[in-house]
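Both complexes below contain chain A, partnered by chain B and then by chain C.
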Partner chain A sequence: MFGYYVKLAFKSIKKNPLLSSLMVFAIALGIGASMTTITVNYLMSANPIPEKSEQLFYVQVDSWDPHNAFNDETGAPPNQLTWTDASNLFNAQKATKQVVMAKSGGIVVPDNQDVNPFETQIRLTTGEFFNMFNTPFLYGAGWDLSVDQNNEQVVVLTRTLNEKVFGGENSVGRNILIAGQHFQVVGVLDTWQPVPKFYDVNNGAFDEVEDVFMPFFLKESFELPSWGNTNCWKSPEGEGFKAFLQSECINYQMWVQLNNPIEKADYFSFLNNYVADQKAFGRFPRPMNNQLSDVMEWMEREEVVEDDAKMMMWMSFMFLMVCLLNTIGLLLAKFIGKSSEIGLRRAIGASKGDVFTQHIIEAACVGLLGGLVGLLLAFVGLQGIKSLYGDFVNNLIQLDFAMASLGILIALVTSILAGLYPTWRACNISPANQLKSQ
Partner chain B sequence: MLTMTNVKKVFRTDLVETHALRDFNLQVNEGEFVAVTGPSGSGKTTFLNIAGMLETFNGGSYVLDGQDVSHLNDNQRSKLRNEKIGFIFQSYNLIPDLNLFDNVDVPLRYRGFDAKERKQRIEESLETVGLANRMKHLPSQLSGGQQQRVAIARALAGKPRFLLADEPTGNLDSAMAQSVMELLQSINQSGTTIVMVTHDPQLAQQAARNIYVKDGQVSEVHDVLKMHVANA
Partner chain C sequence: MLELGPIFRALLRNKVGALLIAVQIAFTMAIIVNSVFIIYERSQETKRPSGLDEANSFFISSSGFGENFGAKATIEKDLTDIRAISGVVSAIQINAIPVSGGGWSMSLQTEPGAEHDGVGTAVYMVNENGLDALGLELLAGENFVASDIRWRQNSESTWPDKVIVTKAMAERLFPDIDYGQSVGKTVYINDNEPMIIVGIIDKLQAPWVGWNNVENSMLSPEHQETDSVRYFIRTAPGQRDSTMKQVEELLAKNKERVVDGMRSIEYVRERSYRGHTAMIKILTTVIITLTIVTSLGIVGLASFSVNRRKKQIGIRRALGARKIDVIKYFMLENLMISGVGVLLGAGLTIALNMLLVKALSITPMDWFYIPIGMIVLCLIGQLAVYGPAKKATGIAPAIATRTV
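Here is the complex of A and B:
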């Protein structure tokens, strides 16, 4: 009977194209608006590394001002580390794997005279970055701990930069001039864009991945600039680059890989001991307040999904509700208009259940069409967001298969809910009255 | 076949109670062709609706084909209607956007027959009413008489034991009406019990028995066949 009811539903939709179109567009508008905001929220809150997000932990220690918490509302410790702490914690090598990093930038001067020098973003990091974060390589590989310890001048490039500078060839082993220094290319990443860019949400959670990856400690050797957010609770003691590095200013991030709760507990003890030791040197004037947050906890703490986006999503749901209320009215008008047919069907053998099933399937078919048109509107809406905010939201406006399926599912469920009252009314049509009034 | 004993039907509004049937008693035997006549508002259609289980009643008993239907729930009444009763209405009540095949198919779908069985029954019943060659036509492409024949085919397709006809010729001219009556007689002769409500005394005379309903009660019963024999 399901196929029969679907056939009847589409006949009914075709029979009254104006009313049907109004219903489809009412649902489509609601779905379009809600799917646009859901997609943005979904991509904002997606797990960027599901295969190991529970083993990767962001490290926080509270080196902040004794009189003012870093975050007055939550009392959370600073969201970045000082150079001193990043260096000390990395050099201790207490976790299974660990990586420290910072954002920097410099001028790339290609060998190719046809390509002008250009400024690029640099991710200063340590060798286990690539292994910890499962980065895909097109050519070569990352570097090992000895490179970090010996300050060797190597880089990993993104595919985009490799195409720009080396025409997309395998550039492993070749030299590149960055920030006035020569580096040897050891690897080229394949396309990689975690969304959100979880490893550094402090500096644009949805920004593109930096084009160059360079050993972290070269920052000190080459006095590479600090890009991204830098916060200080007191001025550096002295002047110059070295004084800045030794200051209590925070600009560095650290992630550790801890494979089980025991490793996590051990590392947490290590952090507490480290802070206790530092207190002995007169640092860390605040109470002990260390934190290890896995990837999703860190996204939550840093409020990667902005309140505005959440509010927009709820508003779009309310708009969907308004559209559904309209659909209820239109379905009611349609089903009441079919009273004589319903009366006849009841007279010649249809039970209330049969009438209910037929009409709820019709409502679902309207919802399906509304969902499909709604997805088109969502696509248009996402393009609208792109045109409003520019390319930097590119990573947030991808309507993938899962989201498209969710859109159709929401359309089906909501249209069935909207169809319940009109269908109930249809079921209770008295056949005797309808047949008499013909 | 059909026995109503002291059946009562009251329509109530906030202000008025209307007694549509009062102690309505009637027995229709298997294979009979009964015409029900009476003035407007006498309760003919209410009787027919109750006979077809389209309406419930307030008192008395109604036994259809040996089964007391007084306490059946909605699903059971729908099933019984579908299996045992065929309806023919004054306005044909065909579904305008379904072709003849699909119109006749409607009750068979609710019966749960497979596609092969349904096709065979539809073709047979449309053949019986002489419209087998127009299966793919829409009702709007047919004359009134032809549409009523389709309605009869739809009623026959389920092979019911009992046909209920409410003014089946009311919207037809006399030639068409006579043709539909001949079709009903032929169906009756093949064994189907028919109860027909009509205003037309001449058409009623073509049934085997006439029931005259007045003020919600059976007031007269005429055995037309015996009268014909007596007149002869």
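Here is the complex of A and C:
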């Protein structure tokens, strides 16, 4: 029977091409708009590291100005650490794994004369970065704690940079000149782009990953510049790079891996003790306000999903609503227009249930068609978003299988819902009345 | 107007169909009116002038890396060379580009001491040619002179003793006096370090277009002695593009540096406001498609209702109703439905606006958007129904005689 009803549905759709295409078009527009905005929101709020997002915690301690909170509205502690705190907390090695980091940059001068020198972004970090964040390696590996402690000059490159400088070959063991210093390549990452770029959302949560990973504490030896956001509530005391590092300016991030609530509680009390000790040196003038946020909590706190994206999603749901109301109206018109046909079917033995099934299937077919066209529209819509917003959204416009299925599902469910009332009306057409007028 | 009663009673017999259109009109109105409001707000923001001579300005970055790269000598030579190019009006070194999104902010206060609150401001480090290169108008006081300009070392933490601020900044610092009178006053940077205001400029925006204090800027008389520098260049009208090429070639002659990031200010503005421009385009598309969907829905349902009432229309015509009466019937019917729709719509519009205000801190809508939206939506309904109504007049009175 199902196949027969589907056949009937398509026959009925073809019989009234204008009205049918109007319905399909309306559903398609609604689905297209919603899927476009849902995709952007879905990717913005995606979990970038689902396998361990609950074990990774961002560390915040309140080292800010005694007169003003870092964030007046929420009272949240500063979103980054000072050099002093990053170094102390790292050196304490109290968590299962920990990483401190910052953004920097410098000039790369390739040995190959054919490649011009160029400027690159550098992620200053410590060895456990790669292990904690599950980065894929193409060649070699990261570095261990002794490298960080002895300030060894090693780097990990991204695949892109390796291709640019070494033509894509295995460059492990080779030398590279960055920021005027010689480094030995120990590893090359395979393509890796967490969305959002959760480990540091300060300069654009959807930015590209930096091209060079370099041991964190080399910042001090080579006086590497601070490229991320730097915030100070008081000026450095004294002149020069050392004074800047020792100041209360924040520019550094720290993540720790804590595998269970006990470890988390232990680490939290370690943080509180640390701050209490620092207070004895006259630092941390504000009340104790430390925070450990796991990956998703941190994304929430940093408001990674753009307001504009949320707004567009709500608007597109209302848009879908209008399209559905439209479809209800048109289906109603259509089914009532078929009154005599329904009357005839009822008279020759179709039960109310049969008529109901037949028409719900017709509504679902319209929905399915609308959903398919809607997916095409969503694809066009996402290309449109790309052309409007530029590179910034490159990582946010992938329409994956889950999203496509969701689109079809929404189209089916909503069109069946939209079909309920018209179908109910169709079932209640009394056969006698209709046959009389034939 | 006598028809109103019968039309209304006829409508009540098909409540659901009418209600569907009314609700659809209500939602359409809520979305359209809020979109128009947001479009207006955003386009006002994108039109704010930066204070620069935008059409004729550009900037370029240079990062030295060689062992013998002398920052100070290079900067001095670069500036002299760039200024010698014909078509260049003025060229300076600067630490940040207005409207570009990246820069340096400090806070100025009128009383020394950490316990006093300051006013946030963008910092631009320029020399005595700053006003000329940026195209700024000096409203009061005077410009920097060559002897004011110092060389700022990396990680320097002190500030020069002179400063030029925008009119908006002066008015924020000294709200009780005319901005011109703030010339000569002392303000404090870093809580305690005094700077004397020597001049007031009309307008210069901060690098961050979304910042509440975007009109607050200060000029600090200094060059920065760093290997990575940015030059801001203003050209004679119409000569920007040719000059850009020449400047890039000139700087690239020095092989001990990377020359990069040459952009016109027009490009920077476009990029900084890209989110706004995109939003405006998206919402415009939404408005247009939504209007089409809703009108087509009205056309569809009206045609359907005309078809159903063929006999009724025929009888009315046979009894003496003119074509205009038939049109009037459908138009009035639609107006009643739209009327209910826009009343519902007014409520929904306000609700959506309140939601957006609360959740996304958008400014509340001006009241007059609502009545205008109501009228426009009614007009759209009338236009949409006109076609089917016109078609209804083609029904011959004779149809009344065909069946009983």
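Rule of thumb we're sticking to: the second predicted complex is superposed on the first by the 438 of 438 C-alpha atoms of A that agree within 3 Å, B and C clash if a C-alpha of one lies under 4 Å from a C-alpha of the other, contacts with A are read in each partner's own complex, and residues count from 1 in each chain.
Operating definition for what follows: a contact is a pair of C-beta atoms (placed from the backbone, for glycine too) under 8 Å apart; a residue touches a chain by one contact, two chains touch by 3 or more.
Quantities reported herein were computed from a predicted structural model and do not represent experimental measurements.
Student: By the touch definition at the top of the document, which applies to A:Ala333: first (chain B), second (chain C), both, or neither?
Tutor: In the superposition, A:Ala333 contacts chain C only.
Student: Counting residues of chain A in contact, which comes out ahead: chain B or chain C?
Tutor: Result: the larger residue contact count on chain A belongs to C.
Student: Figure out whether A:Phe118 sits in contact with chain B (first) or chain C (second), or with both, or with neither.
Tutor: second
Student: Taking the superposition as given, does A:Leu344 touch the first partner, chain B, the second, chain C, both, or neither?
Tutor: first
Student: Could you look at A:Ala432 and tell me whether it touches chain B, chain C, both or neither (first, second, both, neither)?
Tutor: first
Student: I'd like to know which partner A:Phe10 touches here: chain B for first, chain C for second, both or neither.
Tutor: So A:Phe10 meets neither chain B nor chain C here.
Student: If you stack the two complexes on chain A, which partner ends up touching A:Lys310: first (chain B), second (chain C), both, or neither?
Tutor: A:Lys310: touches chain C, not chain B.
Student: Looking at the complex, which residues from chain A come into contact with chain C?
Tutor: Interface residues on chain A, with respect to chain C: 19, 22, 25-26, 29, 33, 65-68, 106-107, 109, 116-119, 179-180, 223, 225, 234-236, 238-241, 243-244, 307-308, 310-312, 314-315, 318-319, 321-323, 325-326, 328-330, 332-333, 336-337, 384-385, 388-390, 392, 421, 437.
Student: Sort out for me which residues of chain A touch chain B in the complex.
Tutor: 1, 4, 11-12, 15, 340-341, 344-354, 430-432, 435-436, 438
Student: Over in the complex, which chain B residues touch chain A? Could you list them?
Tutor: Against chain A, chain B makes touches at 45, 49, 52, 54-55, 74-75, 78-79, 81-83, 87, 89-91, 93, 95, 97-98, 106-107, 109-111, 154-155, 158, 166.
Student: So in the complex, the part of chain C that touches chain A is made up of which residues?
Tutor: The contact residues of chain C facing chain A are 16-17, 20-21, 23-24, 27-28, 30-31, 34-35, 38, 63, 65, 67, 114-115, 117, 153-157, 190-191, 228, 258, 260, 271, 274-275, 277-279, 281-283, 286, 289-290, 293-294, 296-297, 300-301, 304-305, 307-308, 352, 355-356, 359-362, 403.
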